[in-house]
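The same chain A turns up in both complexes below, where it pairs with chain B and then with chain C.
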Partner chain A sequence: MNRKKFYEHALNILIYLVLFLVLLITIIPIGWVLSTSIKPTAEVFANPPRWIPLKPTLSNYNNVLFESSIPNAFKNSLLVGAMTTFIALLLGGSAGYAFARFSFRGSKVLSLFMLISQMLPLTVLMIPLYYMENEVGMVDTKLGLAVAHLVVSLPLVTWMAKGYFKGIPKEIEEAAIMDGCSTMQTIIKIVLPLLKPALAATGIYAFISSWNEFALANVLTRSPRSITVPIALNEFSSFFKVDWGSTMAAAMVITIPVIVVFMMVQKQFVEGLAAGAVKG
Partner chain B sequence: MKNWKSMAKKAATGFFGAAVLTGIMGSAAAAEQTTIEWWTPNWDEVESREMAAEFEAENPDIKVDLVITDWDTYKSKITTAISAKNAPELFTILLTDVAPFAKKDLLEPLRELGSAASIDFDDILEPALTITSLDGEIYGVPFRYDGSGIYYNVDLLSAAGYDEFPTDWDEMVEMSKALTKDGVYAFAWPLGNQANAATRLVQQVYTYGGEILNEDETECLLNSDEAKKALNNIVSSIQEGYASPSSAEIDNTKMRDMFGSGQLAFNFTGPFEVDTLKADYPDLNFKTAVIPGDGGMGCTTANGWCVSMAKNSENKEAAAKFLAYITTPENQARLTDSFPASKTAVEYEQFASEELKPFTEQLNNSKAEPTYENWAEMEPIIYNYIQSAVAGSMTVDEACEAMAADINALLAW
Partner chain C sequence: MKRQILTKDEKKALPFILPGVIVTALLIAYPLIYIFRMSFTDQSAGGAFAGFYNYQRLFHNPQFLKTVVNTIKWTLSTVVFSFILGTLYAMLIHRKGIRFKGFWRSIIFIAWIIPGVVKATAWKWLLTTDGGMANHILQSLGLIKEPVPWLTTPQFAMLSLIIVQIWACSPYVMLMMTAGLQQLPADLYESADLDGASWWQKMRYITMPLLKDISFICILMLLVWAINEFSLIWIMTSGGQNTTTLSLLVYNQFKILNLNGASASAVMQLLTTMIFAILYVKFVIKED
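Moving on, here comes the complex of A and B:
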């Protein structure tokens, strides 16, 4: 018994050590970003490197918040992310439900075909997307970028939604219909409330993939009305030099809100991913 | 009461009439105004905005919209837009970017259009204009033209017993060995960046009198003795330890910061660093020199920036008028921290400082960066073999033979 407890303790210590190591690997780069963001230019490449600057400064944050396009790009990123998430959930959710509940000819082929777009490199899709959006005047608009981001997120959102819908016993829906609900009422009143964590996970996936996307935003946006944060970060890099202090300050400014939101909804996110993992 | 009503009616009619008239006049004025778009890089933003505002004040019938690009993404943005025939009227690109676009017939020929708008092509430095010309036609108006030189840390060289920078490569190697100590390296190579790395090899090849391709561009000459000497200079400096071991991961901008913070004793870069180094590293005591070579001054590759016009532009005359304005000698001088491409502007006092003199001298031994049709495909081949040789997985001979064989296969494709 004592030996068993000893092994349990040893295993726990080992697990915590590994977790601590993983935590360090995750935290150190973020810590270095924070440290660089408060360094004057002359200290950024000081040798030996210093965690705490000799002359800490907030001038990089002043530059990012009041003299750059980052705040505007942040707003654009939020709007583009929100549009992408909303459309992806609406269309991907509906398609996922159809794939999960209705059997129709070509259902399997179609659902597999959707994943093919995930296998194509973005650079291959870039020019056709640019041509199409250019034809309808959507280049350099937030909606145009959101539509382009759907190319990335919609197939996977559909697949995730299909898995979640399949995880709900059909009998629950049949019972609701027996009690007098229409199909739409069943979905809205019964199925969707059961899928809250799963929908949160799917929505977060769609939002984050839009928030971080660079390649499409690079060619589809050009003016302050549509550029997003990954593009705006380049503002601090010129032909002659890179303003590392401001780049790191901008990275902090755009990362912290996302981390806070993610921490608030991480329970739903993890539950949602687990739900999708049980039945696919 | 009736009078009041009548007056109100008249006033309303008058107001409505005035509003309609203003609207018509306004829309007529708006219809007459031509809007052109100029994509300009972020390091020229302030001057570009000033020039656009000045031009608009002088030409109320033309409105200039600016789109600010950056170094990392300007090329992909312009390539996509120009391929989709959605490019702006004018855009700032590297001189060596012009030929690939011109060969695909995506740029507007400027000799006649520009001359009609009073662009003085005779005032543009011949080497710069040559890079932006194809088959006798001009496809870009150069406004900046420069090559690399040396920046050296006076204090570090003095401590090692050197008052001046050597002009011979072997002397420089001897000095580099003396400079490398206490965590400070003599210099570095920007081998973490494909374009930067290829440019450095090309400079070395040119220094020894070599070439990248033969005259009719059908055979690669990177397996020549000159090219092997050139690659050996890069490889041996890193393997013998006087060039920074970080060379395999860094680019030109990182080298600049390493030099500024005293981790490198000297650095190869362009004249545009003079002012920014002074601003970012006020304690740095530096001077400039020409690049050492094989028994004398080495060769630098020269490049610069120009403004080109998209072939599918809608407002070519208005764009040419603005192009003429931004490339006057005075405005070229405003748009550059290094050297303008205008013969008149290059004589201005601002380009005659002590720090800039070696760069002027260096231009006497300079060649244009490669503008071969397949250069974009050749660069990654050259880059991979430089990396292999530096990593020690290939000898210099093997790397040069392999890069020539691969490029020959590419040319024969």
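Moving on, here comes the complex of A and C:
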């Protein structure tokens, strides 16, 4: 018995070591971004590289926040994300409701098309989308990019909303209608309040996928009036002589909002991910 | 009596479903038809019908064959290792007696949620040949003698990208498998313990069968993501040093306005992804 206990202990210690190693590998890139972002230019290329700068500075952040394309791109990203999320929640939410509540011809085909759409390569869609938007003068506009991002967010929201609405017993709605509510009133007063947290998480997910999206934005934006943060960051690191200190400060500025938001909805998000996978 | 075109339910569903359907048709279905049609025309000859000409040219292009080999290498290795490592993390953290479960999971979770562009840029900096942190760490550990030119030689570029993709995707597997493990019924394990089942027997006869579905989903998603991955490769190598995969080939041809090649390779990429997408859909239908 004692030997078994000893063996268990040794195994646990080994596991902690492995987990610690995984933790290091996970955070080294992030730590290195942070470390570089607070280094003065002279120290960025110091050889050997140092983890803790000798003279930590916020000048890179100052540069990024006041003298670069980032604040403008940040604003563009917020607007593009807000527009695409709003449209996706409105259209995808109601489509999801129809899939969950009504039986109609084509319902199955349509909902499966929404599922497949989530797996389409954006490099394939980008070519037609570019020419279509070019035709109507929407290339290099925030609205144009927001519309293109619906390719990602609309199928996602529809599919997730369908699952959420299915989870609400039909009887609740029927009771409300018996009490004299119209369909619209039932949805607004009864169903939506029940789903507020779930729909908020879905919206946040749609927003973040727009915030992070690179491939479409890379083709559909080109000037300060529409470039989003991923594009602005990539421009930072594409110069012949890269200013890595400022690049990493920009990377931090883009990442922090995402991490904060995700941490707030982590529980719902993980549950949604798992439920989506198990139930389809 | 008047014949009903729409049933009562359909009439109710229409206003809910129609706007979404119109937008989807315009933004997803139409572009798919568009690229498909484009691939059968000669864009350098004003878009005249060209049959399979673009595909013939593509298949005889040595760059395309290289791209296919790269895509297979990239996809298989990232999927296999992300899946194995992610599952391993999930199981280690899930183990009875391991503390701070939430902490370990949250840290790994962070690696997944940071924007793809940030991941790629951070790793590009980390893997710089001279004065890069990765080489410095490996050198001080004595694992390498000379700095390794990670992203600037064909010998290492693909390997570097694969490592970064595994780093980026294994947290997703960890999350999914954790969710799967948490749904396993504890009493099954208790009765197996009472019957004196070994660790391997519990693994083989309880854990593995019950995690089959979620593993299937995970692997399909990883496959699709690997084939579709663009930003990571584009930012780190731009497809140089023999790292062009299908999505890079499509983009690079599009960029130089070789629309014949771009549309034909786009259709090839689409068909490849769709194999896995259809498997996924079949699985979902079965579950329903």
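Assume the second predicted complex is superposed on the first by the 222 of 280 C-alpha atoms of A that agree within 3 Å, B and C clash if a C-alpha of one lies under 4 Å from a C-alpha of the other, contacts with A are read in each partner's own complex, and residues count from 1 in each chain.
What we mean here is this: a contact is a pair of C-beta atoms (placed from the backbone, for glycine too) under 8 Å apart; a residue touches a chain by one contact, two chains touch by 3 or more.
Nothing here was measured: the structure is a model prediction, and the numbers come from that model.
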For this session: State whether A:Met126 touches chain B only (first), chain C only (second), both chains, or neither.
Result: both
Exercise. Taking the superposition as given, does A:Ile25 touch the first partner, chain B, the second, chain C, both, or neither?
Worked result: second
Exercise. So, does A:Ala46 touch the first partner chain B, the second partner chain C, both, or neither?
Worked result: both
Exercise. Which partner, chain B or chain C, is in contact with more residues of chain A?
Worked result: C
Exercise. Which partner does A:Ser223 reach: the first (chain B), the second (chain C), both, or neither?
Worked result: first
Exercise. When the two structures are overlaid on chain A, which partner does A:Met264 contact: first (chain B), second (chain C), both, or neither?
Worked result: neither
For this session: State whether A:Ala98 touches chain B only (first), chain C only (second), both chains, or neither.
Result: second
For this session: Pick one for A:Ala148: touches chain B only (first), chain C only (second), both, or neither.
Result: second
For this session: Using the superposition on chain A described above, determine whether A:Asn134 touches chain B (first), chain C (second), both, or neither.
Result: first
For this session: With the two complexes superposed on chain A, say which partner A:Glu235 touches: chain B (first), chain C (second), both, or neither.
Result: first
Seminar exercise, completed: Going through chain A, the residues touched by chain B and also by chain C turn out to be 45-48, 126-127, 131, 218-219, 234, 237, 244
Problem set entry | Residues of chain B that touch chain A when the two form their complex | 39, 41-43, 67-68, 70-73, 76-77, 80-81, 83-84, 86, 183, 253, 256-258, 260-263, 272-273, 276, 280-283, 337
Problem set entry | chain A - residues contacting chain B, complex | 41-42, 44-48, 126-127, 130-131, 134, 139, 218-219, 222-223, 231, 234-235, 237-242, 244
Exercise. Which of the residues in chain C end up touching chain A in this complex?
Worked result: 7, 9-10, 12-17, 19-21, 23-24, 27-32, 34-35, 38, 89, 92-93, 95, 97-98, 104, 106-111, 113-119, 121-126, 130-133, 136-137, 140, 167, 171, 175-176, 178-180, 183, 213-214, 217-218, 224, 227-228, 230-231, 234-235, 246-248, 250-251, 254, 259, 262-263, 266-267, 269-270, 273-274, 276-278, 280-281, 283-285, 287-288
Exercise. Within the complex, which stretch of chain A touches chain C?
Worked result: 8, 12, 15-16, 18-19, 22-23, 25-30, 32-33, 36, 45-49, 87, 90-92, 94-95, 97-99, 101-105, 107, 110, 112-117, 119-129, 131-132, 147-148, 150-151, 154-155, 158, 183, 208, 211-212, 214-215, 218-219, 229-230, 233-234, 236-237, 244, 247-248, 251, 254-255, 258-259, 262-263, 266, 270-271, 273-274, 277-280
